[in-house]
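A single structure is presented below for examination.
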Amino acid sequence: MELLNRAISGTMESSDIMVEIIPWDKDLEINLKSDVKEQYGKQIIALVKAILDENGVKKACINLKDKGALDFVISARVKTALYRAARRSQ
Amino acid sequence: MDRYKINFKDKGKIKRKSKVRKNIENLIDELEIKDAMTISFHHHFRNGDLIGSMVMDILDRKGIKNLTIFPSSLTSAHDDFGKYIKSGLIGKICTSGLRGKLGQDISSGLLEEPVVVRSHGGRARAIVQGDEKIDIAFLGAPHCDVQGNANGFEGNSPCGSLGYAKVDAKYADKVVVLTDDLTEEIAMPYSIPAYDVDYIVEVDSIGIKEKIMSGATRSVTNPKELLIAKKTAQVIEELNIVQNNFSFQTGSGGSSLAVAQFLRESMIRKDVKADFALGGITGHMVNLHEEGLVKKLLDVQSFDLSAVSSLKNNKNHFEIDASFYADISNPGNAVNRLDVVILSALEIDTKFNVNVITGSDGVFRGASGGHSDTAAGSKVCIVVAPLVRGRIATVKEKVLNIVTPGSTIDVLVTDHGVAVNPNRKDIIDKLKESKVKIIDINDLREMAEKITGKPEKINYTDKVVGLIEYRDGSIIDKVYQVK
Amino acid sequence: MFDNFSKKYIYSQNTRGRKTTSDFLKTLGLSFDENVNITINILDGKRIIATASAEKNLIKCIGVDENYRSKGLMNTLISEIISHQYDNNIYDLSIITKIENEKVIQSLGFETICETENIILMENNKNKFKKYLENISKNKVANEQSSAIVMNLNPITKGHMYLIEKASKESEQVYIFIVSEDKSKVPFETRVKLAKESTKFLKNVKIIEGGDYIISSKTFPTYFSKNVDEWINNYCNLDLKLFGKYIAKELNIRKRYVGKEPYCELTSFYNKKMKEILPLYNIQVTEIERLEKNQKAISASLVRKLAEEGNISQIKELVPEATYKYYISKED
């Protein structure tokens, strides 16, 4: 997937996650801010990485602001942000 | 005690000595507070308390060190107490609750000496039995007369019951009442009698009114909480608890509050009147009482202005002290008469042990409160909680810290099912005949983990930062410093 | 989540919506800034219970009814504004808010850039201010103590030149910060060009773009609406702390020159605050009497007024050559 522009998806409401994708020419960087970083930080980053790998994303900065979202929510938000980033901007 | 010594040599008219002191600073000098003493205060003013900080600030400036502070609990009003630990003023803390910034400070090892966490009944026991001796009790009172009779339901910022403070007043070596409503008129009825009081200081304000008392405890609208509450009321009915003159206690959080709403419907339907409701009293309880559904209210802590007003005006709304409420060594303690108690939990494990003191990250964020007391004393103890909170599972393999042992917890009601402690065959049998489906607690645990995923283990160091003392004085668990 | 609240988007042309928002903010002791171009309100039935607005990258006018606190409404509002601005390709956002809101806004991914007694400036891209300071320091000419003047130069007049020349004579190096905000009649590039030309002969004077953190709507929202209200004290504190604590250090500025302000209440209040605050950062404030012509201080507003009236000839004696030439060329 080729990323053309910055994109954001999700909210910072409880149980949600805000995902920001910034395409750049440096290597993949994932920044996680989470209410449950101690307990689930590793799992969240692994999940996000897996989705990015699936979609062939290698050069981007992903900023995650998590408020205790479950895996299926994280997955949905990341995918939405990816599609928005891949879409040509108006 | 000194205050009872009378000099009979002088048979003339009594020379009236005033207990009133100009300000706290002068009083501290007069009291000759030394390092390593134990001082206490109460938490009836909740998040609006100014007394605790006021006193600590002055003690700090006087250079006192290594005190044991022994409040009935700590709230967000004490969030910045970390600075008193850093300055050496505080050497030890005994409390029921620990949260917010102070909770984080303690969990990260700021205090050398471990915090002793006791339940409300446990604290009373320790004081009455002499395990803890209070040198000076600094008790805020919304209303106080010049001799020292004080109560909590009058004044500018009333707080209702002074149940926790009453024990301090009775047993502390020296008692100081701080009030912002000092009167010449006799303050009757009193919560704290003048004969227990040594000094009185009038301060500008005992607390921030809006944070002391809420206008009214909110009604529960959260559908999850309502679902759990409905299920719980069903369980209570199936267990035939709702009979004339039954007694109950509900917690003040979400689902447990809502149970009272459903219990009411049950009581009306069955034409049942409860003998008494116990514990922290809210406006909802007051409504039940004024409707005639609950004959008496036994109030150790008032939660809103409706409760305060009721305590003042309703003759069957009684203020009780912490020892009467839940002290295991008190032969007449109220929790032993409870038919049912509905409690909440931060975590509960497959052995039904409950944690209400630390969060899933191992950090102090709760309070022991009356949890273990009511669980042990009541005939039936029901814990209500959602299966998961956001991404945090409530039902676990093992709780991080035990406050209430599983042997006293009988039923768990979640939004995903009801589990019964295997040691209560009587309850299992009764519910088998009913419409309430029982599910194994291990299944609940699995369900929870499926939803949230398996969490990483919390990393602790070797340092003990908290000792959880059970209501009988034994240490039931240790809390370790989080890395 | 379970409450039945509704969201409403209010754009600049919706005057009625903006009025009700302004009324709501008044009940919280806050004022509505007319410069915002998007406002998001949360309503309970017909009543506004929470609001937040944005003017490009600055989120402001945030307020939640005290009966509806602790419901995560702030999270909802800020999330919405972030999404909305994102859709308009505005990514780096700043918030000026009361200090009590710091923790809540922090949990939404913002960090505090500058803190004053009552208000704080927070941004969601902590590198933005860092980069700004780096750019400022690139303008450093030499290491000696220098002087600074912050001016709008809208356009540059003989009055400005008087102040600049005085500073130039008394200092090793002078940096002129031109207010970047384009709320002035004369467009920014022109103001810079005229300033550079007019000061060319002064070897120790350098013109610098003020950027986002010097008297901008970010740091001083009411500067441009000339509103003297309770918040002006807060904004002055913020703007001056940013200058004194961070910006001045990059160029070793130890003196700030300012012209006495006889006409504008807001500017004269600001000057007064400058004399209180900058010395705390080892910056001396020197206030110079305005240059007069016919007993009237030469001001840029006078020049603009004459230009509007078409009295270009009268402008000649009030401005340096470059400015005069600009107005002549505009006439043609």
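Going by the order they are written in, the chains are A, B and C; count residues from 1 in each one.
Here, a residue touches a chain if its C-beta (ideal position, glycine included) is under 8 Å from a C-beta of that chain, and two chains touch if they have at least 3 such contacts.
Quick caveat: nothing in here was measured; it's all calculated off a predicted structure.
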Reference chain A; chain at largest CA-centroid distance: B
Most centrally placed chain - per-chain CA mean versus overall CA mean: B
Chain B and chain C: spacing of chain centres that average the CA atoms, whole Å: 51
Distance from the mean Cα position of chain B to that of chain A, given in whole angstrom: 43
Between chain A and chain C, centroid-to-centroid distance (C-alpha), Å: 35
For chain A, residues contacting two or more additional chains: 14, 67
List of chain A residues in touch with chain B within their complex: 14-15, 35-36, 38-43, 67-71
Residues of chain A defined as touching chain C within the complex: 6-8, 10-14, 18, 33, 63, 65, 67, 89
Residues of chain C that touch chain A when the two form their complex: 1, 72, 75-76, 78-80, 82-83, 86, 89, 91, 107-109
For the chain B and chain A complex, residues of the former touching the latter: 360-362, 390-392, 451-456, 458
